Each structure stands twice: as structure tokens, then as C-alpha cells.
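See structure below.
Chain IDs A, B, C and D follow the sequence of writing; residue 1 opens each chain.
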Amino acid sequence: MPNSFGHLFRITTWGESHGPGIGVVIDGCPPLLPITAEEIQAELDRRRPGQSDITTPRKEADVVEILSGVYEGKTTGTPIGLFVRNTDQRSSAYNEMKAAFRPSHADFTYQTKFGVRDPNGGGRSSARETIGRVAAGAFARKILALAHGIETRAYVTRIHDISMPAVTSATAFPSLAEVEASAVRCPDPATAAAMIARIKDVRSHGDSVGGVIECRIRNVPVGLGEPVFDRLEADLAKAMLSLPATKGFEIGSGFEGTLQKGSEHNDLFETRDGRVRTITNRSGGVQGGISNGEEIVFRVGFKPTATILQPQQTVDLEGNATELMGKGRHDPCVVPRAVVIVEAMAALVLLDHAMRQSAQNRTFEFPTE
Amino acid sequence: MPNSFGHLFRITTWGESHGPGIGVVIDGCPPLLPITAEEIQAELDRRRPGQSDITTPRKEADVVEILSGVYEGKTTGTPIGLFVRNTDQRSSAYNEMKAAFRPSHADFTYQTKFGVRDPNGGGRSSARETIGRVAAGAFARKILALAHGIETRAYVTRIHDISMPAVTSATAFPSLAEVEASAVRCPDPATAAAMIARIKDVRSHGDSVGGVIECRIRNVPVGLGEPVFDRLEADLAKAMLSLPATKGFEIGSGFEGTLQKGSEHNDLFETRDGRVRTITNRSGGVQGGISNGEEIVFRVGFKPTATILQPQQTVDLEGNATELMGKGRHDPCVVPRAVVIVEAMAALVLLDHAMRQSAQNRTFEFPTE
Amino acid sequence: MPNSFGHLFRITTWGESHGPGIGVVIDGCPPLLPITAEEIQAELDRRRPGQSDITTPRKEADVVEILSGVYEGKTTGTPIGLFVRNTDQRSSAYNEMKAAFRPSHADFTYQTKFGVRDPNGGGRSSARETIGRVAAGAFARKILALAHGIETRAYVTRIHDISMPAVTSATAFPSLAEVEASAVRCPDPATAAAMIARIKDVRSHGDSVGGVIECRIRNVPVGLGEPVFDRLEADLAKAMLSLPATKGFEIGSGFEGTLQKGSEHNDLFETRDGRVRTITNRSGGVQGGISNGEEIVFRVGFKPTATILQPQQTVDLEGNATELMGKGRHDPCVVPRAVVIVEAMAALVLLDHAMRQSAQNRTFEFPTE
Amino acid sequence: MPNSFGHLFRITTWGESHGPGIGVVIDGCPPLLPITAEEIQAELDRRRPGQSDITTPRKEADVVEILSGVYEGKTTGTPIGLFVRNTDQRSSAYNEMKAAFRPSHADFTYQTKFGVRDPNGGGRSSARETIGRVAAGAFARKILALAHGIETRAYVTRIHDISMPAVTSATAFPSLAEVEASAVRCPDPATAAAMIARIKDVRSHGDSVGGVIECRIRNVPVGLGEPVFDRLEADLAKAMLSLPATKGFEIGSGFEGTLQKGSEHNDLFETRDGRVRTITNRSGGVQGGISNGEEIVFRVGFKPTATILQPQQTVDLEGNATELMGKGRHDPCVVPRAVVIVEAMAALVLLDHAMRQSAQNRTFEFPTE
């Protein structure tokens, strides 16, 4: 269903930007996972508005409450209800927007599809919905870490046209500290500084920019992913394109890889450290839809924030031409805050596939003849 | 489940490359659709091997049989069973491959995940599986066409580094005849000729290339797509990344769009021909996850064919280093044949969302007060 | 997933007996349905404890809050979050039960399955979970009523061995007022009085009783139900057996019908009032898994309440023999309060099938030739 | 979707009574299960028509072909395609039925729901559809047996008003040989003889009878079943009510249990043979929706066969009154052949839940603190 994601570790999100709050239900979480509200909060704090001087000044503490499914500090196997109350709601900023469709927003499509919409702050189409994803992602990430040492790391590789140097084998897998060292979440300090300057510059003109996030996942066992439709990269692609403002997804060599010949692109096999490895990783850690034990590497493209503080041509609900001037408090660039959301979605996909793999391939062992 | 796709118009594919054949079950097809085996066959003929001098010489007629769900030329609302018998199976070509993992193929991951695999021609991981998708796509495309005049057109925009000029408003929506005019399915004749020459050239060196397919869908009503997880672009991304050899997906402005500022990228609204339209289409026909009535435009990147007729380093099932020389009959470039598969998957996604939209928003009309 | 029900009108419930509260998310609700908290509350009030002198004295107002999905009194097509806060939690009554398994409760199976359980008041296995079902059912029932005049009426036909006279064509379809006239929700006043006396009598001995609920649904259009697995009666059976304390389900003639010959049991067709009708209704309104336009009639058997105020033999968590004396405040008979839950689940099944029918059979109309 | 069943071990059936054949796809079957066509055939032979002198004389060998998913005698983890060709199709017998609705059949509802139907032998509504269930059930039963020694045994306890003595602890769990000893599949020889005589008697009058099947499952581990909606008994109820001709389901004490007081009905716990057991089994092996390690015991009621060789009042497609005389070759009682179908469905439910249990509760073990 549209507001649920995952088959076995399944989350359902609900709530609107300017309603009472944002919630998520996690169904299928393994029991006995030790978890605290603080651990969830730590992830939410990386997502919340007002965290730095390049994000929206909207102030929301985004405090999470655990309403069910955890008993004496451990999950019980029953559904986990999480809730984050909305506190800083200035819906008056949206009065004008009730009467006209904001360009490149969801106003027009929601209104036409449903015949109605909550216009305050985008209602359900607001990126505040991703709070639920991040909160659920905290559970998924902890399970992956405890069970296999699986680590998910996303970071900003490009803002507008400012790119960081490619991550190579020498620099691979940035640490969390390296990512969090800058407000823009780019692990290369020089690039990060340039990115922050660019964001501030475009903001000063009432404009916005987008960029690219790369995500790497390490210590993934061989065998996650279910051909033919539920390939690991297919589910990752869906997860990423389900995020607001995303325009593209690529894995491994991606679109660049289409410029190579097969003889250049193929990942040759060798035995290394006692197990089968590929020498290169153009596959991005997935072959035939199934993880091959190498690092999973993918990238997600985010468009520039649609809300800009400039007058724009549009139409009102009756279709009459009008002009709309962006108001409210908005991020000039959503990419830095999206890093934690990309990690959360990636973890949700990985965990779901790990559970599916257990169900099909580890439930029964048949006698060998 | 891994071998099913779609919620309301749901297909389930089965079968292996060198087994008895390939099948698909369509569940949820609306009744009373007039359909013939010939209509399905026409789509399969665009996919089948041996169709031109730049595809694999494997000869398979790929004749479809309708085994259920159609009575006196019309669908009955019950599940439709379709079957294509395999005929040209030279599994001896794969003998060597039973003992070693082909680089950048699914051999290693299938073997490790399942503990077993059918090594003949890739077994389930063979692209022959897509026969079922194309056959089911014929139903979806006919329904979309009959119901709304919705048309889905895919075509090759790049092979290796040879690109066709961008489709502009002057040249938009290539006709089927333009696409089918060349074996490479690029609607620009000059580019097509260069692409074909490149494919023949790399083949002569036992090598392979990849490329990019663009797909456009027109006459889409406003309102298809289900936020937040089942956004139209999310489901399209999953559909495309579920195809063999795909490495990337982008919609509308895609990764290029991330280089623009918000003031450059936003699609302004106007009223045109009596309805709300965007002046530009960087959104690619989708806003907030919901179709906005503009052309849906997306692109898919395909890596170069993994099978090349050159010796490659790899390991055997025990992990010992060995060398593998590609044999069998393979496409030096899968992109031209993938065009019809992209169209089929796009149609499956659109139809499924059209049915979901009917279920939620057209089932009940409540009295206005 | 285990805590979700329905395909297109999908509910997800969460929460435990003695935690912060009980919630439900409704995903897929059609937009523009006018609904108020009062309408939902009215249904919850029929379910809540302490409503009469034959139910548990536990006092819970069970006040519902609408947290999302409704804007200016109408549904918006986005997920609806509902929450009922727990208020009267005396978990001390359960201290003893933490250490031993209550007979015919879920203590032992939850503990063994999950390795952990919230022992307060049954935690997730408490019937308080059904609050979410009833709240969601209020939406389903209103939609069915507005759209088709479909009415769902459940009532108690038997308590212990006290049965009301069979509902016949003369007395068919009890009114809501007739059902609500007695605390036991049996529309036959004389039987109701005897039932109430019986419940009070067994309670005075610290014992409990069960019974049977019959449910009738009228004005159902022909065509709801999806063969072969999602037959209407199959989904109703699942819905009913998913309720706590249920032991059986039968539709139409039910188990009694197996005592008839085909010549006695078949429902002959006639044209009545301009449409095809059956003369009798042993089918219970469903043929071949699809509604036939007659009243849907089914019955559900509920076992006696497991908690009794008598000492019972059991074992503790280590398997040592012990004795447990029921405490806490419990219904001596859950059947009267279950009436509204049966109605809610029936409405959820009907609405989901109505939406599925719209999706498959009303989305597209093909030109007749 | 309507023609699929199960979440992780998922079957999709297709095919009509008088079309080319009946098929099933199994998705999610664990790899490396050794299985032969003969093992599947053995189950189909218990279901096939013409097996004894109390079934339909329709002669169908019902030979199964394995079309995919099995390689060198073992499952590969990919979808398993099975096909049974229809051979004895005398659709002329149904000519009359094309024009009129058979009483208590699915003709009217299919025609109205879909606007079309395949009238030959009931088309999709024919019980031939259950071939796919039985074939898939053979896989499920073998897995359950190999993995845990779980055994599923169904048998006929009543035909019309002739009942066998209740199975008690002394006689519990009839052997397969005892069940198969009589054509009617009642393990009590004296009762079986009376049942067979009754069936022959009603057949001689062109009439039909129904009855009751009981099913017991032993060696079930504690912990299968997913509260709250996917309780084990809820999924069993759905599975059984999805079978043609079923009118009721009850588990454990069933409807009779509603006549007891709590003090009589509760299953007290004791430690027996080193594990927690219940002294009685009125729960039928399930508590709180989860298996408790006792035998699972449930019963299913089947109505008398709708097709009788007597003239019956009905209407034609235009609603005009007419009379229909049953023709074709039919079972005077479907219950004996349904035994193997009940076993198959029960095994499918159990296996699916075993896989779900593995996914949630055995995937990860968290460090104890």
C-alpha cells in the first residue's frame, strides 16, 4: 500500500506537515533488540530542521515518543508505534499557497488526484513525512550492525556543480565523523567549504540548488536480493525515488559505465582473503540482483529545492494566471539533510532482504544424499 | 514475491533459459478486453533473438500460446496463462561455464545464495525471462491505448558514446515506425547508422557495448501515482532496475537537472488548451509522485553485455583461479532488443496505477454538501 | 503483514493493553468522505468496557483522536492516524501473571515465540487491540452506507445454551435499535433477559460463558469477492477468526447445511422485482466466492472468557507446576461487546472487495464490437 | 491477488476446467529440496476423478509436468511451474448450461461480476482449479515432513448425517493407510461402509450429499502464527473457506465449545515429557493465534454437491424462468476427494508461517546483556 514500505520489516508512515504530528508503525521487527529513544533521536537530530546555518530556520525539536512494541528496553516482536509531535507550525505562511499551485510542487497533482488537499506546508507531501522513515531506519541500522556489522554510509558528493574527488580504494568508506564534520555532509573538507559557500550564495539570491548523494554499504553478506523483480538494486532504486526531490538513481558504474566496453567493464573474479572477490567493483556490489559481498555503492540525484524566494508564474485553483512569491522557511538545498534519509531507506531495504533470505534459504536444510 | 510484479494488474513469471519454456500468469486483467495471440506475438517478435544482424544469432521463434483466461477472443477476468516453449537450446555451449563463474554474470551470486543453480544459459538469470514481461506488457499496452489513448514509446538514444540529438518539442514523441526503421531502434537515421557500425565493430573484436534508452508516455491523465512510497517514478525506477544489465534510471531532468538552480529548474504553470499545463517539463511528467498530465519521460542506462568472446580471469566453484572464454551466441549489445521490454514494464506500471487510482478515487463519490 | 488487514482499504493496528494507548492507521481511504470524531466515538462507545452491568467494570472512556488524514471534516486520501489513549491501567493486578502462564491465554505462546512479552494485561494479545478495528470500521461502514446503502448488522443469537428464535423472513434484519435495546445485544427481548440472567449467574460463581454472533449485510451489489483464494466468505472467515476468542465461522446454511441433500439445499433462481434472485438463501449471499445480491449471513462462535476468578492449575516460566487465581477486571462474557467488532471487520472486508471490484471491472470499458 | 495464496511460500494457480489445462506457479520454495514428479503425482492421484465407484466417472489421468524450478531432482529456489493438461473434455454436456444459471453454482455471479464467463464445465469456477493447490501442497508437505516431521492428516468424519465416533486420545491421529483404506476416506471401517452406501443411495436418486472433514497436524513447533490478523487459525479458516463448496470452519472445541463454561473449557498447563503441555486440547493447538505445540485440530463443512440430476427451476441469461436438468459427470459427494485438498491447503498455511517465523525470529540473535 502507498504508505507502507517493505515486505517483512514493514513500515507504515502517516501524518502531515502542520497536523498534530508525524508517525510510523514498524511491523515485523525482530524481538529482543535493545533500543532506546535516545538512539532513535540521534538519527532524527541529523535530519531535523535548524541544525545548521545552511538549513531552514524552522525550529523543531522533533522529539520521538515510543508508543508501543518496546518493553523494558527491548523490542517484543509486536508493532512499534513511534510519534513525533509537530510544534513549530506557522501555517499562515501558506495562506497564499492555498489559492495557487506552487511550481514544481505537489499542490496541483494532489488537488487533482484527490479533489482535496491540506495546503498547510505541503500537508502530506511535505518532506516532514521522512521523519518516520528515519526513525524506523534507526531500528534497521542497529539490527544490521549487531547482526553482521553491516554499515551504511551516505555523504554528499556534489552540490550544484561542485564535486568532491571520487572515493577510491585509498579513501573508501568515509567515517561517520568525516561526514558529520561539515554541515553539508561532504567528507572532503575543501569541497565541503566550497559547497557551503555556494549554498549560502544562492540563498542570498532567494534561489536554491540540488546535488548528488553517494551511499556505500559494507560487510554485506553474499546472497541478499531476490530475482527477478525484487533485485536488490531494483528495491534500492524504488526506495530512493520514493524520496522527495529525487530525479535519478544509479548503482556501481551507473550511467558512466554505459560508456565502457564489456572488456573494460566486467568485474573479474579472484580468490582474496579466502573468499571469492571481484577485482573491481563496477557492479556496485550486486550481480544478477543479488549482493556479491563487495561494497554496495549507489548514487541519488536531487533536484534544486522547488520553493524559491522569487516571484514565479503559476495558476490558481480555477486555472487563472497569477504570480506566487515563495514564503515560509525552507532549505536552499535539501541534500545535506537527505543524507540520513538515504541511509535509513538503504538500511530498510537491506534488512528486509536479509529477512527474506532467512525465510527462504535458512529455514530448512535438507539432508544431503 | 520475487517473481511477481504489480499490485492489481499482477504478473508472475517463471521458466529458465534452457528448460521447457518461459511462462507468465497475469492476475487481475480486466475482463472483456479483446486480444489475440497475434497481438502478443507482434510484441514478442520485437524482442526475439535473431531479428537482425546486430543481435544474437540464436534462432527462437518464441511462439506464444494462450493457455487460460481468454474465451472467444476476450479476457474473462480470470488468470491468463501464457507460455513460450524454448526450442533452440544448445546447452553444450555452457559446459565450461558450469565449472567457473562468468565475470559480471549472476553465476556466483545464484550459486552462493541458493546453493545450487541451473547453469544452462544462465537458467533463471537469463534475459529470456523477460519474454513473460513482454507478453504481459502487450495486454497492458492495449488496455492503456483503448482506455485513454495512452502511448508508450521507448527508443535508443545512446550506444556506447554515440548519442542522438535530444528530442525537443519539435521532434517529440517518435513514431513507432521511426523507431522500428533501424535495427538499433534509434529514431534518428544518421545516428542509427553510426550506432549499428559501432556494434558491428565491437562484435568483430569479441567485445560488447551498452547504452541508454529513453521512454516517453503520452496522454497520461493527471493523478496516477500513490505517494508516499509508491510514487510513479519510484515504481518506474524499480521496474527498470529489475531488468537485466541496467545500471541507472533518471526521470525528467535527471542527473543533469541537479546542475540547475531552482529558478532555472522549476516548471511554471499556465493554462493551455483549457487545462493546467507546465511550460517546461523538467519534472518528467510527475510531481509529488503523481502524474501531472505532461509527457512522462525517463531514461535507463544499460551496461555492456557481460558475455564477451575474449578470455577472462575468474575462479571455479572451489575458488581456484582459472580462465573463461565466452562461448554461446550472444548479443554484442542488448539495448536495441531491450526497447520493447522497457515499454512493457512502463505499461505495466502505468496500468497498475490506473487501476489503483480507480479503486481509491473513483469507487465512491460522496454527496457534496 | 501480521498487523495489517485489507488490500486496498488497509488498516494497521498497534499498541498494547497497558502502554500509552492503541492506534490504527488507515491507508487507502477514498478522499472527500465527510467524517467526524463523534461518528467514530459512537462506534467505540459500543465497544468500550464498563458500558453495562454485564461487562468488565474497567472504566475507559476510549476517546479517539484523529491525528492525520482528515482536513476540514473530510478525508484527504492520505493515511488516517487514529489514537486512543489508555487511561485506566492497573497493571499491579497482573503481577502474579508475569510469573505464570494463564490457561487458554496467549501468555505461553507469545513468550515462546518471541522470547519476551509485555505481561501487563495481555499486552498486545489483549482485546483492547480491537479498538483500532472498530475505529477503522466506522470509516468503512460510513462509506458503504453512503455509496450503496449497504448495512451491516450483528447481534447475539446465543449465550451459553440460550438461543434466540431463528431470524426468518418475517423478522429479518433486526434494526440497530432492537439490537441495542438490551445490554447483551440480542434483538429478541425475552431471550435477551434470559441471557443477561445467565451471564450474571456465571459471574457470581467466578465463571464465564461464550456464545454465537450472527451478522447480516444487506444491499450488497452482485459481484463482490475475488475467486479463487480471495472469495468473499474466505476473507470474512479470516476476518472473524482473527478476533480474540473465536472458534468457528459458518456462512449461510453452515454446518447444518451439510445435513441436507443437494435437492433440499440448492437455492433456485427466479426473477423478482426485475432482477435475478434466489428463492432461498442457503448460500448466505455468496456463490462461487462472489456476492449474489442476497443478504450475506454468517455466524461466529466465541469461546467462554479464559480469565475466570477461580484457582487454576498451570506452570510458571520455568515449567514448574503452580496455581493461578484470576484477578483483574474482566468480562464474564465477551460476546455482547464483540458485536460491534464483528460489524467493523465485516465492513472492512466488504469495502476492500468493493474497491477491488472497481479496480478490475470498472476501470476500463472496452468498445463493444 | 485473487489467484495467489501465501506470503513467503506463494502459489498462483491458473487454468480452466475445459481449456488446455491447469497450472500453478510456486514462488519462494526453499532450494535443494529433493522432489520428483512421482511424489507430486501421488497426491494428484488421491484427488483425481474416477478413482473409485463413488466419484465422478470423468476419466482424467491428471499427469503433472514440472516445467521449471527443479534441476537434477532438486529445487533451485526459482519459481516452480507445474502443468496438468486437461484431456477428457466433453463440453457438449454444458451446452444447455450456457444459456441458464445452474442453481447454487457460480454461473450467475461470474457472469454478473465479469460480464462474461467460460461456461464449459464451470470454467475457472470448476473444482479442477484445486489441482494446482494439491500439486503445490506436495512440496509443502514434503518440506514440513523433512524439516520437523510435521504431519498433516485429514479424513471424513461425517457424510450427510452419518458420523464416525469422535477421535479420542486412544484413537488419535489416524494413519494414512487407515484413511485410504476406504473410498470415502473415513478411518472408521464400519462408518465408512455406511457412508459409501449413503452416497450410492442418493446418487441413485440423482441427488447429492455433503459432510465434514477433520484435519489434524502433529509435531508442530510452538510459535507458528502471526498475531493479530494473521493468526494461524485465521489463515487456516481463509484457506478452507477458499475451497469450493465449503460452508464452515471450526478449530478445537469449535461451535460446541461455546456451550461450555470457562471453567470447563480452559486448557490447563502442565509439564509433560520435559516441556510445557496442555492437559486438554480444546484450543485445537492454537492460543492467541500462535501454535502451542499440541495437535492442531480443525473441521470443515462441505455442502451437498450443487449439480444434481434432477430438473430444477432457474432463469436464463435474460432472466426468464426456465428449467435445468443436471448433466455431465459429477461427484454425488465431493467430500472424499476434498480430503487431500484440505491437507494441501493446511500444509501451505503451516509452511508459510514457518518461513515467516524464521524471518522474524531466527534471522537475528541479539547479544544478551
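Following the convention adopted for this analysis, contacts are C-beta pairs under 8 Å (C-beta built on N, C-alpha and C of every residue); 3 or more make two chains touch, one makes a residue touch a chain.
What you see is a predicted model; the values in this text were computed from it and never measured.
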| item | value |
| --- | --- |
| Chain of greatest Cα-centre distance to chain A | D |
| Pair joined by the larger number of C-beta contacts - A-B, A-C | A-B |
| Inter-centroid spacing, chain B versus chain A (mean Cα positions, whole Å) | 26 |
| Chain A and chain D: spacing of chain centres that average the CA atoms, whole Å | 45 |
| Gap in Å, rounded to a whole number, between the CA centres of chain C and chain A | 39 |
| In chain B, residues with contacts to at least two other chains | 1-4, 7-8, 13, 28, 31-32, 77-78, 113-115, 124, 227, 356, 361 |
| Residues of chain D that touch chain C when the two form their complex | 1-5, 13, 101, 103-110, 112-115, 124-125, 129, 158, 160-161, 202, 207-212, 222-223, 225-231, 233-242, 244, 246-255, 257-271, 275-276, 278-279, 282-284, 287-292, 301-308, 310, 312-315, 319-321, 356-357, 361 |
| Complex contact set, residues of chain D against chain A | 7-8, 28-34, 77-78, 143, 146-147, 227, 354-356, 358-367, 369 |
| Chain B residues touching chain D - in the complex, by the definition given at the top | 1-4, 7-8, 10, 12-16, 19-21, 23, 25, 27-28, 31-32, 65, 67-69, 71, 74, 76-81, 113-118, 123-124 |
